[in-house]
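Look for chain A in each of the two complexes below; its partner is chain B in the first and chain C in the second.
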Partner chain A sequence: MSPRQRRVLELVLDNLVWFMLLAVLAIFSALIPNYFQPGIFANIVEQSSVLGVMSIGLALVVISGHIDLSVESVAALSAMVIGILFASSGIGLGLTLTPGWLVVPVSLLLGLLVGGAIGALNGFLVVKVKMNAFIVTLASFIWVRGLVVAVSGGRSAQNLADEVRWLAIQRVLGIPITAYIAILCFIGFSFMMATTRFGRHLLLIGGNQAAAFRAGIKVDKVLIIAFVLAGSVAALAGWLLAIRTSGATANLGAGMLFNAFAAVVIGGVSLKGGVGSLPGVYAGVLLLSSINTAINLMGLPAHYTQVIHGLLVLAAVLLDTFKQTIRKRLA
Partner chain B sequence: MNEPLLVLDTITKNFGAVQALKGVSFSIARGEVIALLGDNGAGKSTLVKIISGELEATSGQMTFEGRDFGPRSPSEAKAAGIETVYQDLSLCTNVDVVANFFMGREITRSVMGLKILDEAAMEEQVAKAMANAGTRIPSLRTKVEHLSGGQRQAIELNRFVHWGGKLVLLDEPFAALGVEQTKRGLEMIRQVAARGIGVVIITHIMQQAFQVADRMVVIRQGVVAGDMPTNQTNADAVIGMITGEALAGAGPATGA
Partner chain C sequence: MRDLLKFGMVLLAGTSALLNPAYAQEKGTVYYMVPTLLDEFQTGSVSALEMFLEQVGYDLTTLNADNKTDLQQSQMNDVIALAPTAIILAAVDFNALAPSVDAAREAGIPVIQFDRQISSTVSDFTSVAGTIEIGYVAAEEVERLLTEKNGSVSGKVLQVLGDPGDPYTLDIQKGFEERMAEFPEIEIISHPAMMWEASNAGTIVSDQLLANPDIDIIFSHAAHLSVAAVAALESAGKQPGEVFVMSSNGAPVGLDLIRDGWMQVEVEQPLYAQAAAVAMFMDKIVAEETIEPGEYDVLGLPSELTIEEWGPTIKIPGAAITAENVDNPAFWGNLQPPTEPITPVE
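After this line comes the complex of A and B, so read on.
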C-alpha cells in the first residue's frame, strides 16, 4: 500500500463516525419524506446541545482512563438550583437582579460552582483516597439526584426570567443561541485536547498512567482537574437544560447518562482510556439526534429509539474492534 | 571523577515486615558508569526507584550535588536532573513517537497568550535525536502500539541520551534488544558518561557490565556486598559476591 493510500485510510478510520453521520443523513433524506429540509437539520443541532455538552465532560474523564456516572445528576442539581433561585412560579423564589441581564452570568456561575464542587469531591475520592471511580461516581449519581428531589420536594420550578430565556428563543440562522454555546464548547475543548499540555497529559495518563507518572507528569493534579471539568461541564449542560425548559423538575434529565455514554462510545472514545477525540463525540451526539428525529418523523413509537440506541452502541463497539484489526494490519 | 554526584548513606526500605534494603551505601561520581549487580530480589530495582522518586526510603540519607536529596515524586527527581529508564517499558502506546519522547516536557509556543504544543519543533528534535543514534522508525507520527519491542526500547534509550540531565538510571535497558542494538546501546552509555553524566545500570549480563562500567556495585540481600573498580576484579569474583560465596569490600551491613 502506498503511503498516500495509507494516509487516506487512516483518515477514514479516524473520522469514521463523521462518515457514518453523513451516510445516515443521506439515507434518511432519501427515504423519509420531509427529512431533507433546513428546519429538520436545525432541529437536530438544537436537540444535540444539552446532550452534547454533557458528553464532553464524560468524554474527558473516560479519555483519562476513568469514568464519571454522576454527570446526569449533576446537571439536574445545577438546573434545580438555578430553577429554585430564579424561576418565578412553582417552588421558584423568583429572585431578580438589577440590571435584569445579570441573571445570565450569575445563574451560570452558580451552576458551575455546584458542578465543580461535586466534581472536586469525586476527583478527591478517586485520586487521593484511591477509591474506584465507578463506585464513587455511582454514589454521586444517586445522592446528587436524591438531593435534587429533596430540595425540590419532588415539585418543579417554572418560568425563568426573559433575559435568560432569550438564549433559547433567539435564533441565528435558524438555530438557537444555546446550540451555539454547545458548539463553542466542543470547539474549545477539542482545541484544549489537541493542542495544550493539559490535553496531552490527559491522553498520556489514559494510555499508561504509570508511565506518565514516571515521566514526571503530575497525574493526581491532572486527574482532579479532569473530574472538576466534568462536573462543571455537566453543570453547564444543566444550565442549558434549565433555560430550554424554562425551569427544572425533580426528574429533569433522567436517563441522559446512557445517551451520553452511547454518544461517547459511538464517537470513538475507548472505555479503556487514552483513545478518542471530542469532534468524534459531537458527531456521535448528532448521529443519535438524527436517528431520534427520523423515528419521530416516521411516527414510530418512541420506545424504538431506545432499542436503536442500544444496537447502535453495540455496532460502535464492534466497529471499534474491527478498526483495531485493520490498524494492526496497516502497521 | 572525584567529586561525588550522588551519595547514598545507609538507605533502608521496608515493605511491611519485609526489609528489602537493609542499609545501602555507595557513591557515584560525575561521568562515572556504575553497574549495579545482584540476584533477583536483591533490591536493585527498589534502590533505583528510591533514587528516581517513585518510592521513598524508610531511613537513610541521600546527597545529590552536595545537597540533601529525597525526591517525593518522579517529577522532583527529574527536576533535579535524574533520568530513569525502567525495565518494564514506560511508554504510552496510544500516542505517537514524538509525544512519547516529550512526555511531561512538551514544548509549547505562545499563540495569542495561549500556550499551545509546538508539534513541528518537537518532531524536528526527535528526528535529529533518532538520526544521531542511528535508529530507524518508519514515521515519527506512528503510534507506539504499532512498533516492535526493539523499536520501543530504542525510543526509551534515545530519550535518556537526549535529555541526559546529571544522572541516568537504567534498569535492565537492553532486555528487548538484539545484539547490534545492544552494542549501540552500550556505546550510547559511554557517550553519555563522557558528557560528565553519572550512569547507574542494572544488568544481569556480566559481559555487559564489564564492557561498560567503571565500577561494580553488588547488592546482596539488601546490603552492598561488593564495591570495586572494574579493572580490579573479574567475572568469577563478582559472581561470587552475587551468590554470597565471597564477601570482598562489603559495605556497612546494619541489620543484616
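After this line comes the complex of A and C, so read on.
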C-alpha cells in the first residue's frame, strides 16, 4: 500500500462514522419516499439535540475509563424540576419571573445544579469511597427515577412558560434554537477535549489510570470533575427535553440511556476508556436519529420497528468493529 | 450490654409499630397490584381505589410492578403468602398473570381484575371500561370530526400508539381500526411511541407532518403523548384546530389541551366509576356471594354487569370529552372525586 493510499484509508477510518452517516442518508433518501427534503434533515438535527447532549456527558465518563448509567434519570429529574416550577398545567406551579426571559437562565441554572449535585455524589462514591462506578450509577439510575416519580406523584407538568418554549419554536435556517445549543455543546466540549489540559488528562487516565497517577496527574480531581460534568450535561439534556415537550412526565426520557450508549460506541469511543472524540459521537447520534426518522417514514407495522431499529444499530456497530480490525492490520 | 439490649427492644418495638399501623381495619386489607406509576391514570387509580374502599371499610395497600411482568408475578406470590382479604390486579401482561390469579384463588383469596381484563382464566370480578370499546368511541369521534372538516368521512389519521409491547394500546388500536375499516377513504398511519415516552411521540409527529402534510387528525393513545404532539405542531408553526388532536384516557393534561383549543376530543376512561364499582361489590366478592347480572348505576353511569366465562364483569362506558363538556366534574381528569359516599350492593 502506497503512503498516499494509506493516508486516504486512515482518513476514511478516522471519520468512518461520518461516511456511514452520509451513506445511510443517501440510501434512505433514494429508497424512502419523502425522506429527501430539508425539513426531514432539520428534524434529524432537532431530534439529535437531547440525545446528543446526553451522549456528551456519557462519553466524557466512558473516555475516563468509567461508566455513568444515571444520565437518563438525571435528565428526567432536571426536566421534572423545571416542569414543576415553570409549567402552568398539571402539577406545574407556573412560577413567573420579571422580566419573563429570566426563566431561561434560572431554569437552566436550577437544572444544572440538580445534575451537578448528583454527578458530584456519583463521583465522590466512585473516586473517594472506591465503589464500583457501574453499581453506583446503576443505583443513581434507579433512585433518581424514583425521585422523579415521588416528586411528581406520577403526574405531568405541562405548558412550559412561553419565554423558554420559544427556544424550541423559533427556527434559524429551519432548525430550532435548541438544536443549535446542542451543536454548540459539541463544539465547546470537543474543543475542551482537544486543547485543554483537562481533556488530555481525561484521555490519559482512561488509557492507563496508574500511569497517569505516576505522571503527576491529579486523577481523583479529574475523575470527580468528569462525573460532575456528566451530571450537569445530562441535566442540560433534561432542560432541552422539557423545552421540546413543553413540560415533563414521570417517564420522560425513558430508554434514552441505551441510545446514548449506542451513539457513544458508534461514535468510536472505546468502552475500555482512553479512546474517543466527541465529533464522532455527534455523528453517531445523527446516525441513530436518521435511522429513527427512516423507521417513522417507512410505514412499517408497529410491532417490527424495534426489531429493525436494533438490527440497524447492530449493523452500525459491526461496521465500527470492521474498522477496528482494519486499523489493527494497518498498525 | 444492658443498654444495648434496651436499645434493641425499643428498636424492635418501633419497627413492629411501623409494620402494624394502629388504625383499625374493619374488614381487612386489600392489595392493589398497579402495573406502573409512570402514568397519570394509574396514579389516579391508586387514590381512587383507596378512597372508595375506605368508604366500605377496607384498607388498601398498593404494589407497583414498574411495567415488569416478572416483578408483578413475584409480587403476586408474596401477597398470596400474606393471605389478604382480596387482591385487585391491573395486569402488566394479561396472559402471563393468569397462573398467579389461579394460585391466589386456590389459596382462597378473591381476585378482582381492574381496568385490564384477563379472559384466559376465571376471576371473581372484573371492572373495566373496555379498551376495545375505547377504540370504538375514538372511531366514532374521528368519523364526526372528519365529516365536520372535510364534508365526508375521508382523510388521513396519524395514530400514535403507546409501547407496542403493551396489550392495552394494542386493544385500543384493534377497536379503532375495526370500526375505521368501514371507511375505505380514511388512511390510517400508525406508529408506536416506545415505552410510552412523550418525546418519542413528538418525533413521530414532526416526521409525519413533513411526510404527510395533509394529516387531518392525530390520535394518541394517551393524553401525555398528545402534549408532545401539540408541542411538535406548535414548533411546525400550526395553529390550534389546524390539525385535529385526539387522545384516550382523559388525563388532566388532555383536558387542559381541550381548554386551550389544541385538542378536540379526549376519550375518557371512567376511572372513578371503575374504582367505585370494585368497592360497591367488594363485600359480595369477599363473602363469595352470587353477583347478579344486570344494569347498575355506578356514580351515575349506567353500567352493564354480565357473567362471562372469566367471571362477573362490569363494563363502564367511556365518554367522549369535548370543549362542550370538558368542565364536567364527573371526568376524573378534572380531579374532583365524588363527594357522596358509595353504597355497597346488597
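Details
One rule holds in what follows: the second predicted complex is superposed on the first by the 314 of 331 C-alpha atoms of A that agree within 3 Å, B and C clash if a C-alpha of one lies under 4 Å from a C-alpha of the other, contacts with A are read in each partner's own complex, and residues count from 1 in each chain.
In this text, a contact is a pair of C-beta atoms (placed from the backbone, for glycine too) under 8 Å apart; a residue touches a chain by one contact, two chains touch by 3 or more.
This is a predicted model, so every value here is computed, not measured.
Legend: residue contacts after superposition of the two complexes on their common chain; A:Leu204 is shown touching chain B, with no touch to chain C. Put simply, more of the residues of chain A are touched by C, taking chain B and chain C as the two choices. Touch criterion met: A:Val50 reaches chain C, while chain B stays clear of it. Once the two complexes are laid over each other on the shared chain, residue contacts for A:Gly90 go to chain C alone; chain B is not touched. By the touch criterion defined above, A:Ala168 reaches chain C but does not reach chain B.
In the superposition on chain A, A:Gly253 makes contact with chain C only, while chain B stays out of contact range. Using the contact criterion defined above for the overlaid structures, shared-chain residue A:Ala215 touches chain B, although it does not reach chain C. Applying the stated contact rule after C-alpha superposition, one finds that A:Thr196 touches chain B and leaves chain C untouched. Judged by the touch definition given at the top, the superposed model places A:Val275 against chain B, while chain C stays out of reach.
Shared interface residues of chain A (contacting chain B in one complex, chain C in the other): none. On chain C, the positions that touch chain A within their shared complex are 37-40, 42-43, 161, 164, 173, 189-192, 194-200, 202-204, 206-208, 210-212, 224, 227-228, 230-231, 234-235, 251-253, 256, 260.
Those residues of chain A whose C-beta lies close enough to touch chain B in the complex are 195-197, 200-201, 203-204, 206-208, 210-218, 274-275, 327-328, 330-331. Across the complex, chain B meets chain A through its residues 52, 54, 73-75, 77-79, 84, 86, 89-95, 99, 103-106, 108, 114-117, 142, 145-147. Contact residues on chain A toward chain C in their complex (touch as defined above): 33-34, 37, 39-40, 43, 46-47, 50, 89-90, 149, 153-156, 158-159, 165, 168-169, 176, 241, 244-247, 249-255, 292-293, 296-297, 299, 301-303, 305-306.
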